[in-house]
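The two complexes that follow have chain A in common; it is paired with chain B in the first and with chain C in the second.
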Partner chain A sequence: MSAYLITILITIGIYIILALSLNIIVGYAGQISLGHAAFWAIGAYSFAILSVKYSLPFIEASVCAILITTLIGVILGLPSLRVSEDFLAITTIGINFIVQAVFNNINYFGGAMGIGNIPFPQIKGKMFSSAQFMALTYLFVFLTIVISYTFRRSWAGLASFAVKADEIASNVSGIDPKRFKIIAFAIGSALAGLAGILYASFMGFISANDFSFPVSVTILAMVMVGGENTITGPIFGAFLLVLLPEIFRPIHNYRMLLYGLLLVVMMRFQPSGFFGEKGIVWKLIRVKKS
Partner chain B sequence: MLIQQIVNGLTIGGVYALIAMGLAMVYGILRIIHVAHAGVYVVGAYAGLYTYILTHSFILSIVSSMAAGAIIGILIQKYVYFPLIKHSPIISLIASIGLFISIEESMRLIFGPYIKSFPKDLFKGEYHLGSVVIGQSQLVVVFLSVAAIALIWYVTQKTRFGLALKAVSQDIDTAETLSIDSKKIISIAFAFGSALAGLAGLLVGAYFNSVFSSMGDVPAYKALAIIVVGGMGNIWGAFAASLAVGLIETLSIGVLNVPLPRNSLAFIFMIIVLLFKPEGIAGLFKGLGK
Partner chain C sequence: MEVNKSKKIIEIQDVVKIFGGLKALDRVSISVEESEIFGIVGPNGAGKTTLFNIISGVLKPTSGKIFFNGKDVSGQPPYKMAQMGIGRTFQVVRPFSFMSVFENIMAAYGVRFYHNITKSFSKWKKEEYVKDVMLILLKTELFEYKERRADTLPLGVQRKLEIARALALNPKVLLLDESFSGLSFSEIDELKKLVFNINNEGVSIVVIEHNMPVVMDLCKTVAVLNYGKKLVQGSPKEVVSNPDVIEAYIGKKQYAQS
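Right after this comes the complex of A and B.
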């Protein structure tokens, strides 16, 4: 496999983890989040600082980074329990801007220069090859799919669906909406932290601009265009939105315009996404059957 | 020095108010987070700029920027938002972000990626009031913002249209049974709010003497923070919040030397306000009505 292909596949893998983790917050628990890149950034930065400044080994640094991201995700999720959905969308945009500003302006986090020399994972003193790194990425993608699937079938997942469908009714039925929103935020940010570790370690260099607000929009677009509340949807969305810019490279001047129009047209005519409940894919398959 | 900073802060705040009040009006009736409002602002800036280059009349460029804004606004409302009104807010939010990207990119492709400036004869000269210096452009911006805000006050508080708008924003169905043509009211409100955004684009373009396709990026998200502080659908809350944000930004950069970038301050202010008053500062302005 060429290095280009491996890079693309690893990028897709990282975005699949991000889209599926955001799907737990948006698709399962119904909480609009436009700041997912912030949690990705927190994962990447905590991993980078732990392994570069405190020279922790890969596994220890990863575990700590995931714990830190989960903790911050829950803390930042707490104020969102107080506000209703439209407020939440804007609050999460704010979180994204503030997190980016903090990483960009405080010298401890590398400031505008970012953090470099982030180590690749090693086995027995030998560095991973790119192919091995790809295998590691897809191992975690598989793990994320398992978590998404298990969560759907679990009691917590069912409770989250109830909260999403009707918060007051679920509250009356003895489900504490706050508890399940927090659980969704915790799992979602933990997985985003995992994606951050993979990204930081693969790129070797990170700066705050890698995690800007448009990235959050892209992650949410992956979930919505693919189909929220499904597992195939976000995976498909990640493939689509990572591959489209590569395919449209020859007409790169029009890339952003096409991306914008894709979002408008999809939401206008296919609001549940390609693989959603009333999505176009299922419709095509069903027509063929009959 | 301090007074100078306050004057500058209020000038910027007045322009923010033009954008944010239209946004609050739109949110008040359709409950849509209208990110594309800033796209309308960019279109208004270009329309005003080219009218001025062609005719050398600032009055005509005011008219054309407002007309361009109104037309774009009606098109957006009619072909994108109205059909999506029954779907969850996240669908129209993504569609709105897609629209915003499409509008900005179209402007970049049509008018080129470079910063354009007004012909030199637009505003020159400055006035001295004691130690305070007020440029002519600043005076024009303040005067037009005050005039536009007075117009908003008159239209929403003193006309039959304002009354009907209040009814539609409280409950569309009940307003319909009282023989209010809600579709017409919504269209007019959209045209009005978008015309103000177009005017704001022209004013900012003239004030900083630069018009470029991505000039809407910062207002797009800052205006959202402002309307959250103002209590989402509340026009006068948005007005007060705009002035507050304009002052806070100018004072904390110019006088206190806060190390964070200017554009994240609005969001920090927003989160602080949300922690203490989750409903925004709207409650402070009950007397002025919604």
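Right after this comes the complex of A and C.
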């Protein structure tokens, strides 16, 4: 496989993890988040600092990075207990900008220069090849799918859906909405942290601009275009939105325009996404069957 | 400790609720005995729904106390009230719109597991739970709708769904907020039968209702609220002939003066 293809596939894998993790917060628990890149950044930066500055081995650094991201995710998820919908969207945008600014301006985090020389994972002193790294990425993708699926089918998943549908009605049905929002934020940010580890380790160099607000919008777009509250949807969305700019490379100058157009057309004709409940994909399959 | 002589399932003592400058409830005291059907009536804006919101924990009382089964539960959050056994419906229905009828009821059935973090992550679709929910579906005559999305159902069915969802909590008290309004005569009869059936299983029921014939049929005791105050309490017959109640609904008798 060519290096280009492997890079694309790894990028897709990382975005699948991001889209599925955001889907737990947005699709399952109904808490709109426009700052998901912040959690991705926290995972990437904790991993980078632990492995570069404190020379922790890959596994230890990863575990710590996930724990840190989860903890910060829960703390930053606390506003969602007080504000909802539009206000939560604005709050999460704010979180994204603050996190980016902190990484960009504090020297401990490398400042505007970012952090370089982040190590690739190793086995027995031997560095991973790109193909092995891709296998690792898709192992984590598989893990994320399993977690998403298990969560969907658990009581916690059912409770999250109820909170999403109607917070007061869920509350009088014995569900503590705060508890399940926090659980969703914890799982969502832990998985975003995982994506951060893969990204930092794969790129070898990270800077705060990699995790800017437009990235959060892209992740949310993957979830919405594919179909929120499904598992196939965000996976498809990640494929589509990573591949589209690559396919449109010859018309480089217009690709953001096409990208924007796609989102507008989607919102107009497929508001529940390609794989959503009323999505076009299921309609086509049903037509073929009958 | 509060001593409980006659078996009172709900006891409201001097509850006051103030919204800004408005006294929605003004020292209201009501007690509901175990396994009775208790009615609350009153003109619009009398504070009936506010009272339900306070009993179910959706609103906290400004002052006063609520006892459930002899235990002080004032100011507890709704999900704790639900865990203890207070189920309620809403005047304007609030089903979990994008979920099926079956899932709606299952979500409330999960009250048995939500407090435990390990159980929260176990699978909900298990035969024993499904069986219990099916029984509720049959009892409330919702079986034929079980796979339907909740927001595609007619109002009467959504009302029943809310009752079914409350029943999944295995409640000791059921609060029905105008469950009969907007229903056809046949739907009213069906729902009345359901309420009696639930009551026969030992569940105490509190109804807010404008439809007086329904109140007369269902309730043993009725309390009348007006402007946030309790006017009277008694049997439905006593209440409808009480001059204060008549005044609250249709005004005072006036004689022409010469």
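Rule of thumb we're sticking to: the second predicted complex is superposed on the first by the 290 of 290 C-alpha atoms of A that agree within 3 Å, B and C clash if a C-alpha of one lies under 4 Å from a C-alpha of the other, contacts with A are read in each partner's own complex, and residues count from 1 in each chain.
Assume a contact is a pair of C-beta atoms (placed from the backbone, for glycine too) under 8 Å apart; a residue touches a chain by one contact, two chains touch by 3 or more.
Everything numeric in this text was worked out from a predicted model, so none of it was measured.
If you put the two complexes together on chain A, you find that chain B and chain C both fit without a clash. Rounded to the nearest 10, the angle made at the CA centre of chain A by the CA centres of chain B and chain C in the overlaid structures is 80 degrees.
Legend: residue contacts after superposition of the two complexes on their common chain; A:Arg286 is shown touching neither chain B nor chain C.
With both structures placed on the common chain, the touch criterion links A:Lys124 to neither chain B nor chain C. When the two structures are aligned on the shared chain, A:His252 is found in touch with neither chain B nor chain C. Within the superposed three-chain model, A:Gly260 lies in touch with chain B and out of touch with chain C [touch as defined at top].
Of the two partner chains placed by superposition, only chain B is touched by A:Phe213; chain C is not.
For the three-chain overlay built from the shared chain A, the minimum Cα spacing from chain B to chain C equals 12 Å. Residues of chain A that touch chain C in their complex: 150-151, 153-159, 161-162, 165-166, 168-177, 179, 183, 277. On the chain A side of its complex with chain B, the touching residues are 26, 32, 34, 79, 82-83, 85-87, 89-91, 93-95, 97-98, 100-102, 104-105, 213, 217, 220-221, 224, 253-254, 256-257, 259-264, 266-268, 271. Per the touch definition, chain B reaches chain A in the complex via residues 27, 31, 33, 79-80, 83-84, 87, 89-95, 97-103, 105-106, 109, 221, 224-225, 227-228, 232, 259-261, 263-264, 267-268, 270-271, 274-275, 278. Here chain C touches chain A in the complex through residues 56-58, 77-79, 81-83, 87-88, 90, 94-99, 103, 106-108, 110-111, 113-114, 119-125, 165-166, 168-169, going by the rule given at the top.
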